[in-house]
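To keep things simple, chains are lettered A, B, C and D as they appear, and every chain counts its residues starting from 1.
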């Protein structure tokens, strides 16, 4: 297993899909048994992203022996790793559909997904007969506040949280491995597209 | 003719189209004159799928000298091969459009397609002036029951069945060769997209 | 200038766009000063199309020293070359949007395009302030009758015809060179998509 | 830094996205401290565009020691370079969505964008809580008149203008570097798609 090579390959897949436009999106991986992790450098065109564009940060998001700037949203990665010890990869996407759907459903506070076979793409889900709720947080530039809100939400409402949306901003998901996290991105983006297409039929 | 190389090439085409996201979808081929067939291994990212990722199963779907797990939906492949002796390839896709259209039309029980030139892409169809019905089955995790339902449907209602949908899940089609089955996938996915686009104009 | 290499490159571009699914679509080129021309072989997957997959036919569409079957729609190519002596390439596409838009506008008999800058992509058009009418013919399997209808339409109604649609079937356009014909395909498919998107806003 | 190689790479990215169909679109770069600049040759298929397809023009758009024809819209590039001394790259796209959205919003005179995280992709923007107005000019073949209208608009209304639309025609944006200009294209095209998708829900 080579996490660093795997996540770079996954990033190029996400970029090629158009899910990381305009230097947006950020990604991280954590090695087994470590609290430090590796997060993508700020401001890179993801089409040019390579293995050297990760920098090590500690569990609070401070760079370790590195003068480069980590992603502005590193604290959200810290929160996910703190909440879920089994997680080793966090992926964030900026897509047209996660932007629009998160805005449309923001008032409801979450997107509820059920009766889709592809829900089985989430680790541990064995049937389409489940209901998965993806919370939608308001967008803010205060990432510290948002990371506290996230930790609070998970502890109080959904200790098995699988993904979340930030309205008009994007989607975060994660997994025990890079492959799991990448698969979860594909599941959520697929379902956001389904939900949008059904919304239009009702409009 | 090299079925194994042909189907791997077809799988990469389907994956590149976005029709096999999140390790979903499964595929098989049967050699001429055989009852055993080769089905895709469970849980693979189809972008990484290679010739070694098929395993031999018998006509009842049991692995032959192989400890790997065949696709969870192998029994549907068994049913198709049992129903149609001339078939040598079965392809299954999970697409946003087959998910949504199968849900929207589920109450009607089928999708009826007519007056499209591309219907001639189905083997044996020589004119657009036909009506092809694609049945929509309810989704279930009991694949054995679904395969019995499929066999029953074909025998009672449509011995020339060309494809079927499972609501919120995906589409199955097949052909005498890998090329025929791949072409049938393209025909059905094209028509599902047409039907969705026309639905929106009526909405 | 190498027409044969140019048209194969153009075909791969069209196939990669998804505009030639399921072995559909056909293409031809005519060398300077010749009445015979080269038309694509019937039934090929266009992703596998190469220079050897053209066969020579005479001005009436009969194969010249070739036992292969030319495209079923060769007579439409014959009609275009007969009508427009300056044309050296004819391209036909089967797209989801030309299928749907041709069905939606069929009753009107044509699609009228105006006030689009991209209309200047048609050879000889110097301003967006034009109106281009693309007629929509009913689909038929009698290609001979359709080719007569086309010749008749051009002579009576539009001697400068640039493209036509066949309802639920596809689009034909052409040009003095392969590059011109390819550019015309891009113009028409772009405009069909624009028209569909505006139709939805009105729906 | 190699501006010429960078812009060719960016052009291929834009072409591959389908944002430069049918030989449309034009691009330029200006070296540091120069008033002359390099603009794309007229009428090229952007899939075939290479470093040799730029020609030098002076600040008024006249070719310098070159008999080739610069893009018909060179005067708009001249206007942008004159207005914004810090700009070194101007990119123009012809997309289905910028065509349709510019027509739909033309009466309003501009498209107003706010509450999108991706607005931070514009150089100098640090929060989604901004409102960016993209003016929509009427299309015309009199590029000289349009360039005067643009200069006038910027001086009177928006000295920090970041992009503009021409109705039914396309979008222009620019940046201090090729990377900045390319990122701005991605931001605007992303937002035009979001706005279109939300428009449909209201329709």
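Throughout what follows, contacts are C-beta pairs under 8 Å (C-beta built on N, C-alpha and C of every residue); 3 or more make two chains touch, one makes a residue touch a chain.
Just so we're clear, the structure is a prediction, and the values are computed from it rather than from any experiment.
Asks: Tell me which chains count as touching both chain A and chain C.
Replies: For chain A paired with chain C, the chains in contact with each are B, D, in label order.
Asks: Since chain A and chain D share one sequence, what rotation angle in degrees maps the C-alpha trace of one onto the other, as a multiple of 5?
Replies: 90
Asks: At the interface of chain C with chain D, does the proportion of residue numbers present on both copies reach over half, so same, or stay under half, so different?
Replies: Different, since most residue numbers here occur in only one copy.
Asks: Need the CA-centroid distance for the pair chain A / chain B, whole Å please.
Replies: The computed centroid separation for chain A versus chain B comes out at 32 Å.
Asks: In angstrom, rounded to a whole number, how far apart do the mean CA points of chain B and chain D lie?
Replies: A distance of 45 Å separates the two centres.
Asks: Note the residues in chain B that touch 2 or more other chains, in rising order.
Replies: Where chain B meets two or more other chains at a single residue, that happens at 200, 203.
Asks: Would you please name all pairs of chains that touch?
Replies: Result of the pairwise touch check is A-B, A-D, B-C, C-D.
Asks: Show which residues of chain A lie in contact with chain D when the two form their complex.
Replies: 18, 21-24, 45, 47, 94, 96-97, 99-100, 103-104, 139, 141, 166, 168-170, 196, 199-200, 203
Asks: Write out the stretch or stretches of chain A touching chain B in their complex.
Replies: Chain A reaches chain B through residues 13, 17, 115-118, 121, 126-129, 179, 182-184, 186-187, 190, 193-194, 197-198, 200-203.
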